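Shared between the two complexes below is chain A, which has chain B as its partner in the first and chain C in the second.
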Partner chain A sequence: MTGLFSEVFLSALLFGAVTAAIPLLLAGLGEQISEKAGVLNVGIEGMMLAGAYLGFVGAFYSGSLWLGFLTGAAGGAAVALVMALLCVRIGLNQIVIGIALTLGLEGLTALLHHFQFSRSYPRLPAADATVIPLLSDIPVIGPAFFKHHLIVYLAVALVFGMGYIYRRTQLGLNLQAAGDKPAALDVAGIDVVRTRTIAVLTTGALAGLGGAYLANVGAGLFIPFITNGAGFLGIVLAMLARGRPIWVLFGALLFGVCLSLTTAMQVAGINIPTDIIQMLPFLAVMIMLVLFGRRASLPAALGIPYERGAR
Partner chain B sequence: MVGCRRGDPFTPPDDSCFLVLGFMSGFSSSSVAGRDIVALEGVTKRFPGIVANDSVDLSIRPGEVHVLLGENGAGKSTLIGMLSGLQQPDEGRILVDGKPTPITSPRHALALGIGTVFQHMMLVPTLTVAENLLLGEPWWQRPRTEELAARVAEITGTLGITVKLQAKVSELSLGEQQQVEILRAMLRNSRLLILDESTSMLTPKGIDELGALMRRLVEQGLAIVFITHKLKEAAAFGDRISVLKLGRKVGEIPPERFRTLGEQEIVSEIVELMFGKQKDDPEAVERPVRTARAGADPLLQVTDLAVAATDNAPGLSSISFDIRPGEILGIAGIDGNGQKQLAEALAGQRTATSGSVRLDGAAIETLSVGERRRRGLRYLTDDRLGEGTVGTFPVSINFFLKQVGAAPFWRNGVEQRAEIDKRAAQLVREYDVRTPSLKTPVARLSGGNIQKVLLARELAEGAKVVIFNKPTYGLDLANTLASRQRIRDTAARGLAVLLISTDLEELLGMCDRIAVIADGALVGTVENVDDARTKVGRLMIGLAA
Partner chain C sequence: MSIDTAPTVSATALDATSGAATRRDILHRLLMTLGPILIALVIAGCILLAVGVDPLAYYGFVLEKGLFSPLGIQQTLTRMAPLLFLAAGLIVAFRAGMWNLGGDGQFLLGAVTAAASAPVFVQIMPAWLALVCSFLIAMVVAMIWSLVPALLRAYQGVNEIITTLMMTFLGTSLANVLVKLAFRDPSTTVPQTRTLPVEDRLPRLFETTITSGLLLGLAAIVIVHLVMTRTAFGLKLRIVGANPRAAVHSGLGVPGLTVAVFAISAGLAGLAGAVDIIGVQGNVRADWNPAYGLAVIPAVFLARMNGFAAIGFVFLLSVLSIGGESAARRLGVPNHFTLVLVSIVLIVLALAEYFDHRYNQSRRA
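And now, the complex of A and B:
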């Protein structure tokens, strides 16, 4: 028990928290774009799985993590393309299609993995960390936050990039109008279907990237159902963040700590059944929803397909 | 001013440029008049089951307010949909500047210089005014806020309106939102401005302001199409009037004739066109002089009623009045001054902080909504589809929504379909509800027929006091007249009626007394005799009667 609060333990816990938070962050940021534009993207779990699988395959055969991220993002976007066609263009129910995509991708990725690797789970070599000079020398915090793969810093930078897009650009205005009052956007001369399609594809790419990170950096391997609800946590994050990317970051870190804690507590050998420890992140979700759920504000047209001239 | 550079998002392409310059430098309207900007030739549009527009011809000219007049369902909105690119005609063609031009999308309509202010506001409530005005520019651009501010200042200056650019749209009144929409059309260099039912949400003062604004716009050489179903507005604001009836254009009064006629003559000519026989303003009805039952005890007595204000609604303070049997008490006032709160507090849907309400002598202020109803207090909401009916339920069930579970329509928790249908069929006949069948979901009916369902339900047996909240709001003329007659009959049966309305004419035509509400308090009560109009008017604008 004494090890629980040692410097090494703490920084390992926080390092794990960041690693666990990045897929949630990318999923949450992705979901946020879709929701801003009025599409409730329940298929994000499936997009993450597609990203995790294709990202792993890409990295495994090419030997390049970056190529893995690329194929992962492309895989997520490909699933998103189906969603965009069915839900945005044709206007089918977003929740039903989203669930179908998630369930379908769970099966498909497990099946493809089985064909390819049978029951073996080959590992990727550990990812190279980009060590930030000076900052990484700070005790506890240094090793926890400043010795990560480059993509981690890029993901955090994306938070601010998204904030800029939402608040300062024409694209941000269009996205918000597409979610809050699509008819107003349409009569202003902007194609609502196109705007929403762009949003959904971006969601897919980000979720796919998150999935690829989860498999390639977080775990170093692909196993079926590896995302284990990370996409759904992303939906919760996006809903609680009230349209602000920075809150997605805070939320992702909080969940990341919970996830990391489950591993850490098991390692530390605390005498609590592991099943209960593994409930922790989801308990955190429920507590957050109880505390902040009432204040979540969602776009007025969320989940409603846009049809010109309909009343 | 901003020039006509190509690629400038504020400027439409090509030939409209010179017109815009002309408009900005104050072309006299006569020099551009006489040529149609947009013309419809034999335009027909069908929807499943109905012909919304049947071979309509229309000519729209610069410097003119062209009024499209017609009742609900006359095809006005469909016509606008085709001009603004939301719908395409099935037959006939649309000419822009004399050339046949299919208007394929809202974007195309804007590029052609056709700007539309829709009946339902087309602004994003969560964005600021400036952001709303910037919507529609290419997505890769930085929003050009400074340039926008300069152009807005220029346009608002010539029009004499003020617009708060940094305010969130959700914080603006409906009238202000409408000005923003008009401004947006001007920013896009519209040559033709379409105003769809723009006065339906406005206060009387707002309507006058809109009229003056339209006049200034046409003086600058713009063409305006103004859609309304109110005869007086058509006569007051128009240069040319086209009358639509059941999808057909049944007549037109060109500007030359328009100018030679007085307002009364125009109104009677329009009525002639719309209804064939009647000569007079059909809304102007003689108020039958009722024998006042001064001796009778009041059926409804309200004393010092107060309701706490909430975030989005004003409160009520010291409301006192009483209504005798057979009497109609009107509540006049500008919309949003506590009318709905008053109605809901009386009906029990809103908790009163103090005061007493007596129904036929018995205190009811602590009773539940259902108990008040059972004792004879009925409330006809203005939110007909929201709280009034369940849209997906059939017409028959909607008649008995407030009696669910009660005999004889329900027994031991089981619906008695035969009983319900029998009584519903009776009510449909009695109240002239035009419905395809008793099983039709009520939301499919027109506003007027939904109102009849509500009337039938609330005036059913046991009613003693009836509160009507804006009973004719949004109805067409025929249904308005029918509803008013129903209210008069209610009073004539010896019931006490509280009539809340924002239509002063309606109140003057129906009430025995008129109380004026302002900021949640009754500021005065006026006997409805000769000079009531001026007295009520003075109270409404804050002067003592």
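And now, the complex of A and C:
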């Protein structure tokens, strides 16, 4: 047990936590945009899988991680386009289409993987880390937080970018109105369908990016069902964050620590079923909800398709 | 999020006095269901072609195994049993406007409870009583599991989509922990619960391999449908679903009804787990999660929360999953293609319903 909480172990644990948190963060931020605009995006798990698969394919064949992130985000956005057409434009039930898309992408990516990679299981080389000077020399914290791939810092910067957009820009207000009182937005001369479509497409791109990070940097390979519920965790994070991007970051880190702890325990040979550790973040959140459970501040028109002139 | 509380299709069809109109209505329904399924099969066939598999051979195997071979249809009907219970639970919740997305967690906990209790009970009491007790205890455990989201929603207004989703993650893990630590069969190397002997499981129907759980499932969904459409209690729940504020103003005890809805919905999901274990599987292996709930949710929506229509959709799901498993084995396509097929069927059915609705509206206007 002596070596268990050594500096090296601790910084490896935190490093793993950040790596595990980034896909959740991107999914949560993405889902938050959709929910703000009044679209409950249950298809986000499918978008992440599309991003993970296409991101891996892009990076594997081009040899460039950045191209992989690009194809991943494009893949997520392509799935989101279907969702936007079906749920925003013609107003089909968001839960039905969302679950159908998730099921379909689970099957499709597994199918493509079977025909393409299942004999060789190719891996990508480890991602290059961008080492931040000075900060990375701090013991424990330095190697844990400041030696990641550049995209990690960009994702964290995005948290503050989103906060700025929501609070300070016209687009942020439009998104909020599309979720709270779409009719008012329509009367103000702004296209509700367009606003929501932008939101859903952004969600898809972010979820796809999260999936691509998971496959390319987190795992280095694509396997079927690699997201393993990360998209649904993103939904939970977005709902708990009550529209504040910074809370998505905290939530993602909390879940990240628990996920990383699971791996660390296995490496350290501690004989507790990983399921118990996997339960911890959910338990923590449930206890928080029981203790401080207030009325959730969800957008009023969440899940309701907008139809002009409908009563 | 609004719930469609329009009078059910079958009810209007039954009430119609003119026989010709009824027949046209039924024919229309049939066309609107079979047409989209055909279109979906064509689209999915294109995907099969793209990966180099003959779609006609694939569908041939699906139909042969899932529908027309004696053994296959029996498996299909057996698969329906847990799905029917899950659908019944979802109908109650969705009609009352509660988004119980935690079906899989409740299902697995019910399954593990039944798997742990049934082999013990059969040793100390008559077999029929043992099975009844296992069903009851599975139901109660699932009900208790739903209590936290129910109370949070009823008294704190916490959104049940988050809480039930989280409880389903928790429930899946807890079920695994229980299998690995508490109820593990010491005589096997793979972690699983003790196996219920075949002769103690739910009886098969007549001379077939169909589980009698099918009848229980059918009874459950029909009872749920009748309760929701024909009783005062069902009306109360539908009012809560249609407009919770109006329900409060008309003097309904909304918090109590909320807890009741969650209990019924989760109890039925727990029974679904029990019927799958006691009727078919016999034990629970660690990390077993068929995730039935995810496929049943859209099916219930497409059935417009109508019990009889849901039976049809559940049958379709079973044919596709049993037939798909067999076709996958024979043609070397991974079983995951079934997911793609189900997904395309769901989307095309939803689209067809939309265009049908639009057409009807424009004709009326």
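By definition in this document, the second predicted complex is superposed on the first by the 288 of 311 C-alpha atoms of A that agree within 3 Å, B and C clash if a C-alpha of one lies under 4 Å from a C-alpha of the other, contacts with A are read in each partner's own complex, and residues count from 1 in each chain.
To be clear about the criterion, contacts are C-beta pairs under 8 Å (C-beta built on N, C-alpha and C of every residue); 3 or more make two chains touch, one makes a residue touch a chain.
These numbers come from a predicted model, not from an experiment.
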item	value
Partner, of chain C and chain B, that touches more residues belonging to chain A	C
Partner chain in contact with A:Gln176 - chain B first, chain C second, else both or neither	first
Contacts of A:Arg168 with chain B and chain C, given as first, second, both or neither	first
Partner chain(s) touched by A:Ala188 [first = chain B, second = chain C, both, neither]	first
Partner chain(s) touched by A:Met286 [first = chain B, second = chain C, both, neither]	second
Chain A residues contacted in one complex by chain B, in the other by chain C	none
Chain C residues within the chain A interface of the complex	1-2, 47, 51-52, 99, 148, 152, 156-159, 161-163, 165-167, 169-170, 173-174, 176-177, 180-181, 294-295, 297-298, 301-302, 333-334, 336-344, 346-347, 350-351, 354
Chain A - residues contacting chain B, complex	168-171, 173-174, 176-177, 180-181, 183-191, 195, 299-300, 308-309
Touching residues on chain A, where the partner in the complex is chain C	40, 86, 90-93, 95-97, 99-108, 110-112, 114-115, 224, 229, 232-233, 235-236, 239-240, 273, 275-276, 278-279, 282-283, 285-286, 289-290, 293-296, 298, 302-304
Contact set on chain B toward chain A in their complex	81, 84, 86-87, 105-107, 110-111, 116, 118, 122-127, 131-132, 134-143, 184
